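Input: structures, listed below.
One chain, chain A, appears in both complexes that follow, with chain B as partner in the first and chain C in the second.
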Partner chain A sequence: MTMPMMKPKRKNPILRTRQMNLPPWARGRVALGMTAAAAEGRFELQVCEDCNHVQYPPREACHHCLSPSLQWRAQSGEGQLLATTTLHHSNDLFFRERLPWRMGLIQLDAGPSVLVHLHGEVGDAPARVKVGARLDRAGQAVLIGFPEHGSEHMADDRMLREMTSDPKFRKVLVTDGKTAVGQALVHALVKAGADIVWVGHAEPWKKMPGLDDITKHPQVTLVPLDLTNGRSVSELAGEIGGKVDIVINNAEVHRSFGIAARRGTDVAKAEMDINYFGLLRLAQEFGGALKGRSADGATHAVAWVNLLSIYALSNFPAHGTFSASKAAALSLSQCLRAEMRPAGIRVINVFPGPIDDEWNQNMPPPKLAPSAVASAIVKALKDGVEDVYPGDVAQEWLERWRDNPKVLERELAAGG
Partner chain B sequence: MTRKRMSYEGVAVAVPVTVPYMRYSTHSAHWFIGQALQSLLQASGLEKAQIDGLTISSFSLTPDTAVGVTQHMGLSPRWLDHLPNGGASGVMALRRAARAVQAGDADIVACVAADTNHVDSFRMMLGGFSNFARDASYPYGSGGPNSIFAMITANYMRTYGARREDFGRIAVDQRTNALRNPHALFKKPLTMEEYMAARPISDPVHLFDCVMPCAGAEAFLVMSEERARELGLPHALVRGAIERHNAYSEDPVMVRGGWRVDRDDLYAQAGVRPDAVDFIQTYDDYPVIVMLQFEDLGFCEKGEGPAFVRSHSTTFDGDLPNNTGGGQLSVGQAGAAGGFLGMTEALRQLTGAAGERTVKDAQLGLVTGFGMVTYDRCLCTGAVLLGRSA
Partner chain C sequence: MTQATNNSLLATVAQALASRRIRVVDLTQTLTPDFPQIALPPEMGQCWPFRLEEVSNYDERGPGWYWNNFSCGEHTGTHFDAPIHWISGRNLPNNAVDTIPVQDFVASAFVIDCSEQVKADPDYLLTVEDIERFEEKHGRITAGSWVLMRTDWSKRNDPVAYQNFDETGQHTPGPSSEAVQFLVEQRQVLGFGSEAIGTDAGQGYHLRPPYPCHYFMHGAGKYGLQCLTNLDLLPPTGAILICPPLKIQKGSGSPLRVLALVEEQA
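And now, the complex of A and B:
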């Protein structure tokens, strides 16, 4: 059983803030297939199309029949723990700073033997275990041996906390508290044990419904934040930038126009100003501070979340300029992810289908409840994933886009 | 049925040389190779031009391979092989050189293994050791081979009831041998109490279960028996040799090595049984592997390793002398030279050059090789039987 994590003591301001040393990040191109699946929360291994043998470590030819047709397929992860060891010495700084470190050798029921990081609830060999894939702090997939049946506080495991971005005891900035999604996020973060939730409020004179509900939580503080205004972003970063562990950028402008339905560029500019430039301003002001604190104790800075849209993948003409602004934001977030990687800060992109809010009033169901978006984001933080496509619509779009982006483009041009 | 192999009859192995080990060196691998070649010439009285075959085993030679060494050293061999196979390099080099000599492709082959060790070179090597290590073992704690063999040891202990003391006997006996070997880096006796009290490295592997990386070189010459006599070089004869790679890959964790596949062939080549072996030089990256070899080479049955070491003394004057020069555990592991250590020691034993650690009346020695932890186990195994020349 994992003991629940206690709230860490306040940091001693005299001590130097520890810097991040990433775990070994190098992988071959084939091995990155495991990372691609783990980034979406799946454990996949290569399976031979011709003889069904499961392969590990990742490779270019089937070890049984030499076929080159190896496909990544989801695995149950069930297996038998054969041996464990606790390292008291490591050649790598990341592990050296976190010794002792426990690992194991597991024979998967599917065939191969895998080396894993071991969850603390897994005892000595022999034991039945379940292997899962997670992204480590270098953003690369690693395998983890979990107990067959985990206990209530298993997320608090010391090793697992290194792989995830759990909001428990962390300080979070939600950039827009006036939207339904923003408010649902605040409730979900408080429930998940966040220490402080700062909530951005661009126009404090406007009394938006729901604000009173969120400020009832003692953890919540409203802060002035207007993403269209560089000075506003800069001032807030000066105030709380050195304390924020997780940034969740949910601010967005969403209007339902294509090109011909509205003359001029004012609406498109407003969308870009928040959806794209807002992210850029925020990243310039808060990114560096997050990177500087990514190994700062048990509740170090850990993640950055962007609320994008499934329309970022392919333009939905009825919401054409909004789609374009989200595509721009997606592209920028990839840049942000690359720049945050050396510090081990995870950038999580969330791609919901239509959310059940005022700007999707005319969209037919199914629509995603704001609380569902919020739960998906908190779950993504807890699971340590990188890309989230919450809801049936997003899942279906994703499947169609992966199958053939050109076909999807034609279908969307015809109305969906 | 495969065709019966050609015998190794008539192949002599001579002139064991050791370039003294150093914990760290600022020289490159080429320096150690040069020293080894010079020692071979000095000890044999040969001219450089008479070396017409060359094998090189090294990790730290990169980006050079064996051919780079020929230009560096001004050699012009007519037969060349690059064998960077770590602990199996010695057996593999001998087998290939022996065939080259038998076929007439080369007259005198110099087999050289050398590695340098800079302060940070071991760490630098680990993460890029193999594709599989980079992708699937190094990111897990970065313990290098220590953590892999810790799990092999833990599994062996659980399965066959071995205790740490059993591995301790192997390490302690080897240290006893090393105290009589001037080349050994470890000069102090090791007691069982000290072995047991050592700090843990990766449970159940503790400090004295691990080899110490260092810099150094080992080398020997392979030629025909006739040529060795002509040159008046003390030599041993190849009585049999085997190698096997990636054996028992279906075993989920290593409990046996490729020696087991080919051991009957090995002993049949020499027309002997294991009890004819007067000493054994096992590849000793970790004591558990020594125990595995006692089983897989037929000295006892699988699982009887712990009882075997409890009932036998493996010092140079014991009933089954093992690693009579101290092995890598007590001499040090000079990279790929670790795979030659047993070979040069066996040659010294069989040519009357082992000084005060001489195994009395030794006629037949067994030398093993074991190398390359690319993922979860070592892949290369090999063994050679060397006999005293009449």
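And now, the complex of A and C:
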């Protein structure tokens, strides 16, 4: 049983705010394959295409038959715990600050034995366990030994919380409360136990429905925030930047035009101004504050979420300028991820397919319900993943894009 | 050209300005990112709000100087509407801000106080009777003058109250269709000025024709001023407005500084 986490006491303001020391982060090119899978929530190991032997640690050639044909394949992770040990000393700063730390040796049913961080609910060896891959605070894949059947509060495990970005007891900024997705996010975050949810409210004279419903929650406060206005972003950062643990940037402009369907550049500029420059303004003002608090107690600053679009991967000509703005945002988000990594702040990119809102009114189903996007974002925070493709359309496009981006480009040019 | 001697008209004005017998009143709202812009349905083209981006501030981007880039629409903040702004004025000669005769940028103003009516009804429309009642008291509106509708709407500092939207749209005062036609046809005014976001009322789209002030004024080569402030500091008659818009080639309007010269009672 994991004891439910209690709300931490307020921090003592006369003590120095602790700074982040990352866990060991160096990985070879081959080992990054495990990180790539963990970034999407999968546990993958290399499997030899010639003799089917499963490999660990990652390598260039099969340890059994020396074949170089190794492919990353999803693993069930089931196995037998052989031994456990608890570290009471470490020269590595990350672990030194988090002692004691429990580890285990597990024989996977698939073959290899692996060294893992152990969840608190896993007892002594021998025991049946399930291995999963998670990203650690350095953003690299590590293996974790989970109990076969977890209890209700297993997410509150101290070790596991180091790998995830759980909104429970955290203070969250949602940049746009006027959209259906923004409002669904606020409800989902409150349900997930967020301590405070600040909700951006641009152009307050435009009264959108639903705002009264979100402000009914005592945790929720509307704040003036207009991502097109640098001064508005910097004023809000000055006010609450030092308290925000999670930034969720869901503000977007979405119009359905290609190049010829709309004269001029004003619509494309409006899309870029929010979808790309808005992210840039937000990151310049809030990024530093988040980094400075990434080891600040049990509810330290932890994550940054960008609502992108599956069209960021490949242009959907019917929504051509929107696609381009999301591609720009994706590129900038990769830069943000690189700049946030030294502090251990996770940058999560969300790539939904068409959302069931007024700007996709003419799109045939399936369309993602705003509440489904919100659940996917909260789940991504809880699971500690980095890239999320919620819904069937996104999943299918992703598969086609991975299979052959050029083929997908041709298919999209023909209408999908 | 004759030199301005001590007893010339302009020398008298200069003395009156120096002695503050003529006061200069600023009728302009400050350009700030927080001031709302006109809002159209989202599928239409939009007027940019005022935005400011710092170029340098005595820092590594420019150690000895401070300056900004700004962006906005032609119809952002306190601004001037040229006849070319409206389809009814599209084919008139000299209908854009760069070709309007500059003499028109300095003219007298008649200020009709509707602040009491607007207090009771934010959708208040200026009527022909209001104009006639004004003229009974203050004299006939002269041709080539501005008519300004004082509503004290500019005292609504909160953008939400200033825009005053509900589910049926915006609720701000303006002139009735009949009043506009009266001012254009019977009084040959220079233009119409208001304190709200447009010269037409918030519900002006539902009048006949839609947006009558834009339609008739610009169709007759007249101008518009909106987002004015401090109209309560002007006398009903006798003020002179100085309001030259930016000289934008084929510009439909421009943000501008609107100044009024007001003579103190001796």
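Quick note on the criterion: the second predicted complex is superposed on the first by the 416 of 416 C-alpha atoms of A that agree within 3 Å, B and C clash if a C-alpha of one lies under 4 Å from a C-alpha of the other, contacts with A are read in each partner's own complex, and residues count from 1 in each chain.
Just so we're on the same page, a contact is a pair of C-beta atoms (placed from the backbone, for glycine too) under 8 Å apart; a residue touches a chain by one contact, two chains touch by 3 or more.
Note that the structure is a prediction, hence the values are computed from the model and not measured.
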Quick check for you: in the superposed arrangement, does A:H149 touch first (chain B), second (chain C), both or neither?
neither
Please work out whether A:G230 is in contact with chain B alone, chain C alone, both, or neither, and reply first, second, both or neither.
second
In the superposed arrangement, which partner chain does A:K9 touch: chain B (first), chain C (second), both, or neither?
neither
When both partners are placed on the shared chain, which of chain B and chain C touches more of chain A:
B
Is A:K216 touching anything from chain B or chain C once the two structures are fitted on A? First, second, both or neither.
neither
So, does A:D136 touch the first partner chain B, the second partner chain C, both, or neither?
first
I'd like to know which partner A:S90 touches here: chain B for first, chain C for second, both or neither.
first
With the two structures laid over each other on chain A, which partner does A:K406 touch: chain B (first), chain C (second), both, or neither?
neither
Check whether A:A31 is in contact with chain B, with chain C, with both or with neither, and answer first, second, both or neither.
first
Report the residues of chain A in contact with chain C in the complex, numbered from low to high.
203-207, 226, 228-232, 255, 264, 266-267, 270
Complex contact set, residues of chain B against chain A:
122-123, 126-128, 131-132, 134-144, 146-148, 150-152, 154-155, 158, 199-205, 249, 252-253, 375-376
Could you pull out which chain C residues touch chain A in their complex?
33-34, 36, 39, 43, 45-46, 49, 51-54, 159-160, 162-167
Chain A residues touching chain B in their complex are 23-24, 26-28, 30-31, 56-58, 63, 80, 82-92, 94-95, 101, 103-105, 107, 113-117, 125-126, 136, 138, 140, 142
